[in-house]
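Two complexes follow with subunit A in common, the first pairing it with subunit B and the second with subunit C.
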Partner chain A sequence: MTQEMQFKKIVAQYCKTEPEKITNDMRFREDLGFSSLDFMSFLGELEDTFDIELEEEDLVQILTVAEALEMMERLKAEA
Partner chain B sequence: MLIRDILEESEKKYAEIKAVKWLKKKGIYERSYRELMKNVVKVRKGLLAEGFQGKHIALIGTSSVEWIESYLGIITGKNVAVPLDAGLPGEDLIDLINRSDSEALFLSPKNKALLEEVSVGCPKLKKIWMLQEEEPEGSDEKTVSLASLMAVSKNSDADADRPDPEDMATIIFTSGTTGKSKGVMLTQNNLATNVIAVNYTREPGTVMLSVLPIHHAFCLVMDWLKGFSLGATVCINDSLLHMVKNMGLFKPDVMLMVPLMLETIYKRLSAASPLIPKKMVAAKAFGGNLKIIFTGGAHLDPYYIDKFADYGIEVLEGYGMSECSPVISSNLPEDHKAGSIGRPLSNVEIAFEDGEILVKGSSVMKGYYKMPEETAETLRDGWLHTGDKGYLDEDGFLFINGRVKNLIILSNGENISPEEIENKLALGKLVGEVIVTGEDNGLTARIYPDQDVVAAKRMSEEKIHTELQAFLDQYNKNQPSYRQITGLVVRKNPFIRNSTKKIKRQDALIDEALPTT
Partner chain C sequence: MKEYYPLTAAQKMHHNWIRKYKTQQVSGVSVVASLKAALDFGLLKKCIQLEFERYGCMRIRFTKPDAKGEVKQYIVEKETRDIPLKDLSGMSLAEADHLMQQWAYETFDGDDIPLCDVTMVKLPEGYNGFFIHMDHRLIDSCGLVVMINDLMQLYTHYKFQSAYPEDLADFEEVLAKDLQRANNEKRFAKDKKFWDDQLDALGEPLYSDIQGPSVLEEARKLHGDKNLRAADIELKDLFVEVKDYYLEPEPTKNLIDFCMNHQLSMTNLLLLGIRTYLSKVNDGQEDITIQNFISRRSTHDEWTSGGSRTIMFPCRTVISADTDFMSAAYEIQNVQNRIYMHSNYDPALIEEEMRKRYHTPDNTTYESCYLTYQPMPVKMDNPHLVNISQHSKWFANGAATKKMYLTVSHTENGGMNFSFHYQTAHLEEHDMELLYYYMMRILFKGIAEPDMSIGDIINQV
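Now for the complex of A and B:
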């Protein structure tokens, strides 16, 4: 499974959209119906799954799937 | 009764039991009741030695052992603690520090970026103690560490007098319906009787994991003060990112949550394979010991009570508000009814006026700080008007079925005053009229664009939407998550207004051209 698909499978646990139908331009709140806590919990899962550490201050910048994916890949590359 | 009485009793009974556990750089640290109280007394004596008696002292920070020791150091002497939401923008915090007449501040190192702004904006502040061991960078006479406050009284026996039960202990800010937050004044007796009246017991050493914001009355009184009265070990969740992981780590027996948390956890639980036994899924997700979740702050769909019962967890809903210290009624392990918010506490009297729940009793606040009009409106003849409509059933359980006041209550328990946010959004150049509504568990801004701007720039519908969304994204960046706008509706027509030209809020969802008469 690609890293991106693994990522989208985690996204799908918090919404009613199938992983294959999640596109990168989707916004977590508006398009996928994430609550603020769904979003935090999802990011916590990203930390565990991809072995990365997120800074809470950076998270306010993330609105879309592409932005979260890009952040995860960047942190993973730096780790 | 005093909070100091409760704490001193616990120190005697549970001296060697762990009072607090927390995480730091992946290690678990802990403090026993004896150690905790030693630090509380050091803070209290330090404040006295620094000349703080009968003063208001603010705290800004998320949950930490230093925060709670400072808070208890303030209220076990004769001072008044003012806990503030660390997530608020600097200008709001400055306003609250000034409006509460705070003369000193405990500040978390995570919020040190506020130091300069607060020093300039709050001229009444004589001291700022950073909640840390080491001296802060560029420290001066005014800004020092908590450790140095604790050291001030090292060689002194002088301790602060016990407060009187009717002395004010704390001011807790809550959303105001006029767009200005109100400072709820709670006395020693208000807090202490609420701790006692919530009638449940656990074995000393029972583990609680505190996941709610500590500046909220529900968390402060029911996680911390109630937990300490029971001899519980209160564990600190370091971030909402790690709530589920920390449940596995600390293995709590009891937790307090807002409905939003139950909803998120349930989504995760139900995503597990149906082939795995539910008890096993629960053990992995909750650490294996979780038996009780107390929930409050917003209405919980009773659906979740049954769903969590499948995982062996009892969800008990309660009801309260900061003005009542905060619990008014609660379901209890031995005494509960699904869909209700429990029986009123033993120190509470309930009455109804046109369906609105009125409350009287030893936990009802003294009033709103320096807001006599709002106080008179809420407290009438000793009865607190809750703004909620409800009824008592034949078994004495309380139910809620509506609201009187114009507040949006989100399932994270945050009460949002729409006017407060509308005032800020109205500053947008493209915003002609705006109304904020609570929908799908978030806030939606309904905006009628300023037609002069639209015409001058010849903007298309798509362009208007993009620009308004960009404006909201910008607004959201400086706001705590519960005050962020998650939905945008661009209106084609102005809002419907009443005869005094005020927008009719109840008709905000209707978007039709006005009949031309």
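Now for the complex of A and C:
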């Protein structure tokens, strides 16, 4: 399984959209129905699953799946 | 073979209250759900028994406490108890409510015993349904709503051949995952750092009371410490009264629209309303802490596994009088979002850290107000029941661990209900009236003029 699919499988646990149907331009709040609690819990799970450390200041910038995926991949590469 | 598990942080919160207040009554949760329709009670009984099989949290039991007072939990495979039917239809609705209120006061005393009772009820005015009484260590209000809906889906499946409800997540699997996450050392270190950093940055919190600074002054006298920043909690007289206030649909819509237009959550707006009131009645105090309950349900499995997932964390903000309403709201939102990320942490450890750092006396607190925003109504969300009148009601357990606990929920007609549970040892209905009145004045002044400073709002309302 690719890292991107693993990422989308985690996203799918928090919404009613199947991983295969999650596209990178989807917005967490508006398109996938994430609440603030969902989003922050999801980010915590990303940290634990991919063993990365998110900068809390950067989190407010993330609106779409692509932005979160890009951040996760960058941090994973740096780790 | 039976597996024994430690309690999660959310369960421990209730367990610690039972130990502290020396009664299981503080951990009771009760609700009645009914329909204005004839029910097939034989079928309903079968569905309730099936629900015991589907919803594992209903079968949790606790071992005898060890020398330290700690218990383990396990899930029994089968619950074979009968489900009784009580006929209250000859009473008035008020009399039936009064009787069910007495049931809600009952305690589950003993070890290794069932902690979930379901009673089918025939109610006055043609309502029929069931009354559920459980220990909060097994379930929270969201979990109960999910259970009620699942149960009625089972009923309509067998009665009207509607679709069988979707599988619920396995409680034991979700519990094991939660405990595994709590034991993740890296996660624990991050969460601990977040909470410690807050204390490093802001120092010891300062108590703020609904009744003003005199309560803290009293505590200072009692403890002979003029610099004390915490006040005593009530340990003996836990009797609680409930006062509900209803906000009409139109003003409710104004609050919801404001939240939507400013990407603000209702919880944070409510927290701002309460904290501004506390600031107003405490001589403009800027450092305010409110305990806010978080449901900790995000994934599909967390939503459908049941269990007691709701946990409270202190929402502490220091907001100066010259901060405008909108900025204050975003400041609270920022704090709350960060708390959400660290909500796996055990709040008892935050308290422990404060006691270690500040030598806070036993049985004192920094908070007088507790908030739950409950957007999920107790409504049987089922297409077969859509045109049938429903009657649901939560019953207080009669023993409050908190001085004032506000539950805000939405009503079916688009309004909002503000349910104040207050300890009668120190508070009266008039205190709740003042709190609600000023909270509304503050919120509506703020959403009308979001650029106005908090200080000006306090002066003008």
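The criterion applied here is as follows: the second predicted complex is superposed on the first by the 79 of 79 C-alpha atoms of A that agree within 3 Å, B and C clash if a C-alpha of one lies under 4 Å from a C-alpha of the other, contacts with A are read in each partner's own complex, and residues count from 1 in each chain.
In the analysis below, contacts are C-beta pairs under 8 Å (C-beta built on N, C-alpha and C of every residue); 3 or more make two chains touch, one makes a residue touch a chain.
These numbers were taken from a predicted model, which means no experiment stands behind them.
> For A:Thr2, select first, second, both or neither according to whether it touches subunit B, subunit C, the two together, or no partner.
It touches nothing on subunit B or subunit C.
> Is A:Tyr14 touching anything from subunit B or subunit C once the two structures are fitted on A? First, second, both or neither.
both
> Now for A:Leu63: first (subunit B), second (subunit C), both, or neither, which partner does it touch?
Touch partner of A:Leu63: subunit B, not subunit C.
> After superposition on the shared chain, which partner residues are touched by A:Ser35: those of subunit B (first), subunit C (second), both, or neither?
The answer is both, since A:Ser35 touches subunit B and subunit C.
> Does any part of subunit A touch subunit B in one structure and subunit C in the other, and if so which residues?
13-14, 29, 35-38, 40-41, 43-44, 47-48, 56
> For a test of understanding, state which residues of subunit C touch subunit A in their complex under the given definition.
Going through subunit C, the ones touching subunit A are 181, 184, 186-187, 190, 263, 265, 294-296, 298-301, 333, 336-338, 340-344.
> Using the touch definition from the top, list the residues of subunit A that touch subunit C in their complex.
13-14, 16, 29, 35-44, 47-48, 51, 53, 56, 59
> Per the contact definition, I'd like the list of subunit B residues that touch subunit A in the complex.
For this pair, the touching residues of subunit B are 239-245, 260-261, 263-265, 267-268, 271, 411-412, 440-442, 473, 476-477, 481-482, 484, 486-488.
> Where on subunit A does subunit B make contact in their complex?
Result: residues 13-14, 29-30, 33, 35-38, 40-41, 43-45, 47-48, 54, 56, 60-61, 63 of subunit A touch subunit B.
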